[in-house]
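Just below sit the structures, each encoded as structure tokens.
Both of the next two complexes hold chain A, though its partner changes from chain B to chain C.
Showing the complex of A and B:
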């Protein structure tokens, strides 16, 4: 039984950042844009949280500044895609590059070296009342409510309908007085908030450390979860959870099978499962490929 | 003529814009932007022997970027150049391992063919998934990069690990000198000849074959292609194979040329930079040569940045990323202004 609790804790630890990233991807996805900048914005969130904790010694200040900076970068991404009509895939990769290069640059110009920074404390933990789960951060416990509230927002509210209209049929959105461009801006801002939480949880949830390039594809995996989950908040959260279960199982297998299979090859498991997930989603839906531009341009 | 001038001026304008943005960021961070750009220019192009050092990075970038351009031109965002590059070098290193006794004249071409095959196969499965099942190639090629990176780590720290190494960086054994086609400088007649022949072949494929014409039609207007009788899955598969082949070739050149061995996680930004090179050149081969030289120069200058200006090497990554962010933007200020006014009256 104790083993089971440990397993669940490991899944929640590795799954929560992925789920937050997937939620950010979902809301932007529903507004009609493929959010490939998740990776970059996540690493910015992680970096700002840790630097904030180290410099100001206050968790609240750190997380707030992470949220603000992530929202600013998201707005930048929205601006380039929406207003400058740039290709959203390349822009997403550019944002990822800005995240990885920019955080390395910031760390090196503030601390003078690229070594990992460790913070004295991280996100507040839930405490001893939760028994074996006492080491988990509060963001893990907020996560189900975040999924639920995003579900309400996207599928049970007027705003959600308008957002979906902006993504699927901008003309319809415009005909009821909703500006698709503004809808996307709001989606990107909410996405920035979730990316900041994802980064914060990844860096300060259990390790309290920021290392170069520590996101290591989790943002892209979160994005794949969006596709696997069909753009539905709950489905995508489950897809993200599934990817993290696979990666935890991969790590467990290293302990038991380490002598038979190289652990580097076992580390491939989550990426392979991601590809399989996308493939299944494509089989189910016919296709998963994007238009290279927001649908705004298609309906003209 | 107007379009041709625009193709040259547009990327230059974006590079200038990125330079200004970066300069502002560097000034805010407390570095002297003027000093920094001076030393980049010096390190990349003007200093003594700096052009040779730039070429060392520009040649493999050019080879990979020609391939990236061919698949982007066809409308497929094959961003797996990094993984194909790694798989090329891994396949080539296996050939050298199993044929270490054979003559170099046999081993080197075989190694390169193996590298090209490895790269092509590594690009073939995302391509097949895309064309057969409609699985988006952006995610699959991204994931293929991570998988190839881990395979590289596995090969260099497992079966082919150089046991005599210091253990700092996992790598394979250094090739004996008769298997090398250049010294550590990375510029030799053989490599230059291979690069030029890749360039000429790429140019011929794009400009003088029906594949080139139809594939650029496929990228711009798939519906039109259908009525022209082009087969998208044929074109797509070939463009995936060519781009993987060239990335793999560039990986094997890295092994036989400047590096002489395969190091775990080497050149981690190669694929991304090659994509940038292709985008800046708008996928044209001649433009690719110039933009490869530019980005190769930047890379070579970046290695010396910390020494001269105290600026971290990641500054160049930031600069490249800002170019990537802006390069596909359609900013035509005058026209945009006009169009907005028109479209308002139509709304």
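Showing the complex of A and C:
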């Protein structure tokens, strides 16, 4: 039984950042953009949270500054895609590059070295009332509510329908008076919020440490979960959860099978499953219901 | 809201009897260097059906979009029911009760009917429960006597019902001015009759309706007034129907130059008739050859397409064979089979006597097969490519992959060909998306109907084209015939089929069910198309 609780705790720990990243990807995806900047914005969230805690000694200030900075970077991504008409894939990858390089630069200019920084404390824990789960952060417990509220917002509200229309058929959205560009801006802002939470949970949820490139592809796995889940908030959250189960199983297998199977192969397991998952999703659905490019209003 | 609209409306009509529903003052619009509308000033009276007519590129759609607030004019002003409105704002146009039903319907395909109706019905967050949403919109659709299940996906609806959903959406917001942009282009004859009935009923409740149309017969059937646009200028209007005649309308729409072309087309027809007479004599002497033979072709059943069942069609080298049928009876599959894009499970296809059943399209092209596809913007042209690239594409498709090409020379040839085919263009380097529908089709014709063409398959070649361009396409097909080309004309427009086909095959559920010969009988053809005998 204790074994099972430990397993569940491990899944929730590794899964929560992935789910937040997937939620960010989902809302942006439905507005018509492939959010390939998840990785970069997530690492910025992680970095700002840890630096904030170290410098101000206040968790609230740290998480708020992470949210604000992530939203600003998301707006930057929106601006380049929407207003400067750059290719969204390239911009997304560029934002990822800025995130990874920029956090390294920030750490070195503040602390003088590129070594990992550890914070004195992290995100508040839920406390002893939760028994074996007492070590989890409050963000883990907020996560199901975040998934649910995003589901209501995107699939059970007129706003969500307008957002989806802006992604799928921008001209239709425009002809009922909704501005697709503003819809995408809102999507990117909400996405920035979720990316900040994803980064904060990853860096300060259990470890309280920030290391170079610590996101290590989790943003891209979050994006994969969006595709796997067909752009549906709950489906994508389950897809992210599935990826994290695979990665926890991979770690367990290292302990038990480490002598028989290559250690590196087990470490790749989540990534292999991600690729397989995308492949299956593509076969099963044929296509996702979102535009791959923000289309333009064509006259005549 | 909708349900007490009638009573509300009477009051409005009484109060503003003399104020026009829409009045435009010196409205001008240009896209880049092209002027789409210049100095349009017009008053459209309340509570009647107005037809706005003109050729492709005359500015009809732009005019409709200016009123709906989608396009912002460069200058001018717009008064709705006597009040000035903010230009270029959909929200402000909609708040005065203007709704636009688009030419190609603007509904997100993956939405359900209820969702598509809901998303444009107001601002704010607007939370809902799925069941409430469906019930609410089911009531709205029932009130409009539309038999549509709100749970269906838009992409699964036939095109008539998609249009009905758009109209339902437009009417929900208490529209008192309804604009429909080319609403009949995609409808079958019975769909058009249904639409017109619905529009008349709406007019009787006090709604002002503006219809962008270009078929003269339809205008006479439905409109109360006519407004003619040509090259972005207002020629005349709104004229009441009693004051004008169909014969005087054509010259106004087309202008003097085009009219001359029309006359020369008529003389062409006469000379062709002579040629045909000679041909008739010569065919008595020697047996004719087949340009296309389809023998007992069947295809596998799939989800997306209607399958063909034991279909046989023969087209001689000098005849136009029409394929009539309500859309969605396997016409798309037939075209795909001819293009070698769909596999056939049994049967044979021959082009000019040579069996091509297992040939790909480029091999079939070498034998003279030419295809004018259903959707010229998606299948016929690459809209983001330049004109000369589009023009030379088919030629390059049959040459080896690695070969030196000389763009300068190609552009020169393209220019000559485009002026021969009367394509209105600025330079061969402009994007195909800049051309209007008629010019797009002319570009495709200039590419496909070269000397090597031996068998032309034309799918809805005049859909959405104006009178001038339609005549051009017909003449082209007739010329191809007199040169010894076989022509297979797939169309759902019976007028078109009657006009140029030598015989008509009626297609229903993937089979040919009847052959009609001239003189054609509209009623008989109509009955055959829906599968009734007699």
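In the analysis below, the second predicted complex is superposed on the first by the 288 of 300 C-alpha atoms of A that agree within 3 Å, B and C clash if a C-alpha of one lies under 4 Å from a C-alpha of the other, contacts with A are read in each partner's own complex, and residues count from 1 in each chain.
Note that a residue touches a chain if its C-beta (ideal position, glycine included) is under 8 Å from a C-beta of that chain, and two chains touch if they have at least 3 such contacts.
The structure presented is a predicted model; accordingly, all values stated were derived computationally and were not measured.
**Student:** Go through the superposed model and pick first if A:177 touches only chain B, second if only chain C, both, or neither.
**Tutor:** A:177 sits against chain C, while chain B stays out of touch.
**Student:** For A:87, decide between first (touching chain B), second (touching chain C), both and neither.
**Tutor:** In the superposed model, A:87 contacts chain B only, not chain C.
**Student:** For A:141 in the superposed arrangement: first (chain B), second (chain C), both or neither?
**Tutor:** In the superposed model, A:141 contacts neither chain B nor chain C.
**Student:** Given the touch rule stated above, what does A:152 touch, chain B (first), chain C (second), both, or neither?
**Tutor:** second
**Student:** What is the contact status of A:169 with respect to chain B (first) and chain C (second): first, second, both, or neither?
**Tutor:** In the superposed model, A:169 contacts chain C only, not chain B.
**Student:** Once the shared chain is lined up, is A:7 touching chain B (first), chain C (second), both, or neither of them?
**Tutor:** In the superposition, A:7 contacts neither chain B nor chain C.
**Student:** So, does A:161 touch the first partner chain B, the second partner chain C, both, or neither?
**Tutor:** second
**Student:** Hey, is it chain B or chain C that touches more of chain A?
**Tutor:** Counting contacted residues of chain A, the larger count belongs to B.
**Student:** Looking at the overlay, does A:238 come into contact with chain B only (first), chain C only (second), both, or neither?
**Tutor:** It touches nothing on chain B or chain C.
**Student:** Do chain B and chain C touch any of the same residues on chain A, and if so, which?
**Tutor:** Of chain A, residues 174, 289 contact chain B in one complex and chain C in the other.
**Student:** Touching residues of chain C toward chain A in the complex: what are they?
**Tutor:** By the definition above, chain C touches chain A via 31, 36, 57, 61-62, 65, 68-71, 89-91, 94, 100, 102, 106-111, 115, 118-130, 169, 433, 436-437.
**Student:** Please give the residue numbers of chain A that touch chain C in the complex, ascending.
**Tutor:** 152-153, 156-159, 161-162, 164-165, 168-169, 171-178, 289, 297-300
**Student:** Quick check: in the complex, which residue numbers of chain A touch chain B?
**Tutor:** Answer in residue numbers: 34, 36, 76, 80, 84-87, 89-91, 93-98, 100-102, 104-106, 108-109, 114, 174, 216-217, 220, 223-224, 227, 262, 264-265, 267-268, 271-272, 274-275, 278-279, 282-283, 286-290, 292.
**Student:** Which residues of chain B touch chain A once you look at their complex with the stated criterion?
**Tutor:** By the definition above, chain B touches chain A via 25, 29-31, 77, 79, 129-130, 133-140, 142-144, 146-147, 150-151, 153-154, 157-158, 272, 275, 279, 312, 314-331, 347.
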